[in-house]
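What follows is a group of structures, each given as structure tokens.
In what comes next, chain A is part of two complexes: it sits with chain B in the first one and with chain C in the second one.
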Partner chain A sequence: METAVLVILGGLTLGGMYALSAIGLSLIWGALGMLNMAHGALLAIGSYACFAIFTYLGISLIFAVPLAMIAGGIVGLAIYVVIVRHMFRHPSFETNIIIATIGLAIVSENLILRFFGAYPYKQPLSIQGGFRIGEIFVPYQNLIILACSSVLVAIVGVLLQNTRMGRAIRATAMNKDAALLMGVPIGRVYAQVMVFSGCLAAVSGIMLSTITTLSPTMGDSPMIKAFIIVAVAGLGNVYGAFYVAIGLGVLEAVFQYGIGVRFAFPALLLLVIVSLIWRPYGFFGSKTVVRN
Partner chain B sequence: MTVQTRPTHRRSAASPDYLILIALLAVGIVLPYFMDSRYAMSQLTLFLIWATVVSQWNIVMGFAGIFSLAQLVLFAVGGYTAAILGKYFGTDMFLGTLLGGAAAVCASLLIGFACLRLRGIYVALLTFAIAQAAFLLINSDTNCIIGSGQTCQTLTGGPRGLSQFGDYGFRQLLGRNYIVGNYYVALTALALAVTFSIVIVRGPLGFAFKALRDNETVAVCSGINRYKYQLLVFAFSAFFTGIAGGVYAAHFKVIGPSVLGFPLLAFLVSMLVVGGLGRLWGPVVGAALLMLVDEQLKEFTEYRNLGLGAIIIFFIVLLPDGVAGMIERVSKKFRGQLGEKQGHWGRWRTRLGMPMGNKLHKQSSANS
Partner chain C sequence: MGEAFLKLDNIRCGYDGQDVIKGVSMDIARGSVLGLVGPNGHGKTTILRAISGLIKLRDGRISLGGETISGSSADRIVASGIAHTPQGDLVFPEMTINENLLMGAYLPRAHAHRKERLRYVHELFPRLKERSNQIASGLSGGERRMLGVGRSLMTDSEVLMMDEPSLGLAPLIIDQIYDVIRSLKSEGRTLIIVEENVSRLTDLADEIHLLDDGHVIWRGNGEELVSDDVLMRTYLGG
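Up next, the complex of A and B:
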């Protein structure tokens, strides 16, 4: 009983973290058909921005987090202006953008390393303490991560479903050319999505770094998990990504307990590959959204 | 859209490629006689190894349309197989290298069966995850197979990697100049790999992939099985990649998980992009250029990766065809083929990687 609660709690925390890193990625992948290999870098940029604004500029955390979000948005916009804008009409956009964002990830990781060094700083925004269920200690931080990820998912979902901007984003995702003919300014939609995803990544990065430490490569491992989650969930389905993130988080915790930490990720990967062969469009995806 | 009749000179274009190969091979064979620095020879050998890997990666990614990021996994499988066989069974490194190639083929078939049923972007994602999983598995390897405690030896050597598994034995044969022996082994591997590339690209398989890229529906209706052909090319190129891994292990007498790390991936991707993805001679050009640049930047090691990233972005955004594509366009311009079709502004647009419209671009890519 004790272990079951422990495993499930650990899994939920993992799932919340994965959901956090998957949201921005899912949005960008669904709307732009672009596998953003620099997403991990965006996570790192967001959390370092919050850390720097608080520590070096001495601005209170209430403002530091929104400022970090703005910084993330600006970086997202910069990626659009410098890279994506020139490429999205190219016939092999899907593959070229992967290479371009790999380059971007290397550049930003090294820039962070230049400016901040490799010292594992602690994120100033963290809440101590927790409560007990029986013998098990539950930190507040883990609950906040879970809550934060569900709130963000809901915000993104509402934005996509109920606003004019969201409708334009969905139209672009379904058929770029048709959307353009209907008068959707595709370039602006792309820019909006990039800014939005940059903001989301910044929040995710800050939350992720509250239970680990800051490092230039802190986003790499969450990014890979996020890729897997988005693929399993199906393109562009933000709610689906959340459910899959929680599910995979719990599953990974079970694997970690059952067959050891070392083999948990490979086992998960195997499961994901099998499920993708079984359902190539993901569990929540529909064939209409898949781009060719 | 009108279906363009394929220009007939494509087929005869095979012979210049073989001529270039023979010329380069001749240069490669005589080069050691003009080199007296062991460091330069070692770097040249490394260039040959990377050129082999990148040429095969180019076949997989640029021609067969498999967006695999697991090429270095196959390289590592080859290298680790040779190293493990040499260390625990005393296998001769030549045999070990060949077996490394065979092991890489097996690994590629496994990865291929799992991933190639999926389309483009999913392949990239899963192969990237596989590479990461392999890195983590090797890095966290703590199960001793021989000894324990201080003398613990794990199968893969964990984060420190494997060493002391022998080499090609040129030291006894050539004495101080043993690197020249390794150099020729690597040169042979590269020559075989490039020959294979030419056969694939200029042969029926190359046409099949071209057809799939230009118009998939027509190609599939003509009986081209994408999955089968992709698996075939993936497995064959894995063989040469695995061999390159074996040569790497034997040359440096050590192999570690760093071959699966992000810096090396970035280095090889930049070779691909700078040379020109999907251009036959791109990888060799790219590997040569990147090795030269890397050599010049030896003093600024802390900026090395930064520079690599910037190079990747610059080329993929502004020159997606790379240097090889640029050379091709310049030589075409001299022959006056491109100039008539696109006009001055159009040429500029293409050079900047900004095609004017879908149709025009398709035409120019069919010509290249």
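Up next, the complex of A and C:
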């Protein structure tokens, strides 16, 4: 019983982190029809920014986390202004942007390596200890990650559902021409989505680094998982991405416990392949996604 | 017709390097109704798309109230006071009817009066009020058309362009849509209506333009058009 609770708690923690990352990716795909291969780099940038702001600038963690999120947002905006905006109208955008963002991710990882070295720093945000419920030890860190990701996902949901900006983002994702005809400045919406996604990636990276260590390539594996989540949910479906992230997080934890850490991810991939053969457009996606 | 409010001056535009509109000029007076008719694929929809900025002009100029709007982005053209209900309605399929309508009031000018505008649209189309929380993808063709027109009305624009408002609808629904269009005319809105069914425009449009191969080949009123057997047989299948 205790083991099952711990495995599920671990899975929910993983799922919460994946959800933030996957929602950012899903928003970008939905609005811009773009696979952002630099998303993993944004995770690393966010976590290193938090580390640097606290360690080198001596700013309290209460401010360091939001500042790191802002840094992620600024990098997201820079990606839009410097790269995406100029490529967007080209018919080969979908392919070109994959190559461009892979390049960007490599440059960014090397810049982090250049400035911080390869030492696996510990994120100062890690909170040790926990509490017991009966025989079950519940680490504070897991609960904080779970609470933060739940709150952030809820905020994203409210923003998308109930605000003028959120409706404009959803409208742009559903039909760009129709959004334009409602007076939505879609260039601004794209920029907002990139900022939004950068902020979410940064906070996801910070959370991840609290249970592992900092490294320039720390975002690569979560990014691949986020892509898997987005594909299984259905490209561009933000709410689906959240549910699938939580589900896959729990499944990964169960596999890790059942067949070992080494085989958990391959087993998860196998399951994903089968599910995509069964539902190629994802569990929450529509049958075709056309970029217009 | 009176002094031009919306003016198209020798415009050329099209798709993939081909001109679909090959030098069209139009003067549309404030508060008037212009009908665009002609065979399929000869540029009626393209003219509306050019006015609303969805496609760029290769040549010529479009102005609204003396201000040049051609070259502006579509969202700025909407902000200048032109609403476009496109063919196929382009509703947002995963939004509710109310969310779709609120998207029509996206611009600050309309957003400030969104509650009054929503009441107004609900009065015109009670069906939209009854189903306000229904997802748009589940609507019938007639309901989608009502939503498309209602959403344009939410923009509170002075000029309304409607592309084939009767296409594919049952006669009863068409009557309902045209009742609303008539009430918009009586409010003094400037309307441009693309229509296959000329008889719907004869008593409504102040002027009708017949398009063929990207040119306006005839201008006049509805009665003149329907009484011209040659034009009706050659271009309008009458």
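Note that the second predicted complex is superposed on the first by the 278 of 292 C-alpha atoms of A that agree within 3 Å, B and C clash if a C-alpha of one lies under 4 Å from a C-alpha of the other, contacts with A are read in each partner's own complex, and residues count from 1 in each chain.
Keep in mind that, in the parts below, contacts are C-beta pairs under 8 Å (C-beta built on N, C-alpha and C of every residue); 3 or more make two chains touch, one makes a residue touch a chain.
Predicted model only: the values in this text are computed from it and were never measured.
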Contacts of A:Arg167 with chain B and chain C, given as first, second, both or neither = second
Taking the superposition as given, does A:Val5 touch the first partner, chain B, the second, chain C, both, or neither?
-> neither
In the overlay, answer first, second, both or neither for which of chain B and chain C A:Ala100 touches.
-> first
First (chain B), second (chain C), both or neither: which does A:Met87 touch?
-> first
Regarding the shared-chain residue A:Asn175, is it in contact with chain B (first), chain C (second), both, or neither?
-> second
Pick one for A:Leu111: touches chain B only (first), chain C only (second), both, or neither.
-> first
Once the structures are superposed on A, label A:Gly183 by its partner contacts, choosing first (chain B), second (chain C), both or neither.
-> second
So, A:Ala78: does it touch chain B (first), chain C (second), both, or neither?
-> neither
Per-residue touch tally on chain A - higher for chain B or for chain C | B
Which positions of chain A sit in both the chain B and the chain C interface?
-> none
Chain A partner, complex, touching residues on chain C are 52-54, 73-75, 78-79, 83-84, 86, 90-95, 99, 102-104, 106-107, 111, 151, 155
What residues of chain A sit close enough to touch chain B in their complex?
-> 33, 35, 82-83, 86-87, 89-92, 94-96, 98-100, 102-107, 109-111, 114, 220-221, 224, 227-228, 231, 262-263, 265-266, 269, 272-273, 276-277, 280, 290, 292
Along chain B, where are the residues that touch chain A in the complex?
-> 61, 67, 114-115, 117-122, 124-126, 128-130, 132-133, 136-137, 140, 262, 265-266, 269-270, 272-273, 277, 302-303, 305-306, 308-313, 316-318, 320, 352-355, 358, 361-362, 365
Chain A residues touching chain C - in the complex, by the definition given at the top | 164, 167-168, 170-171, 174-175, 177-187
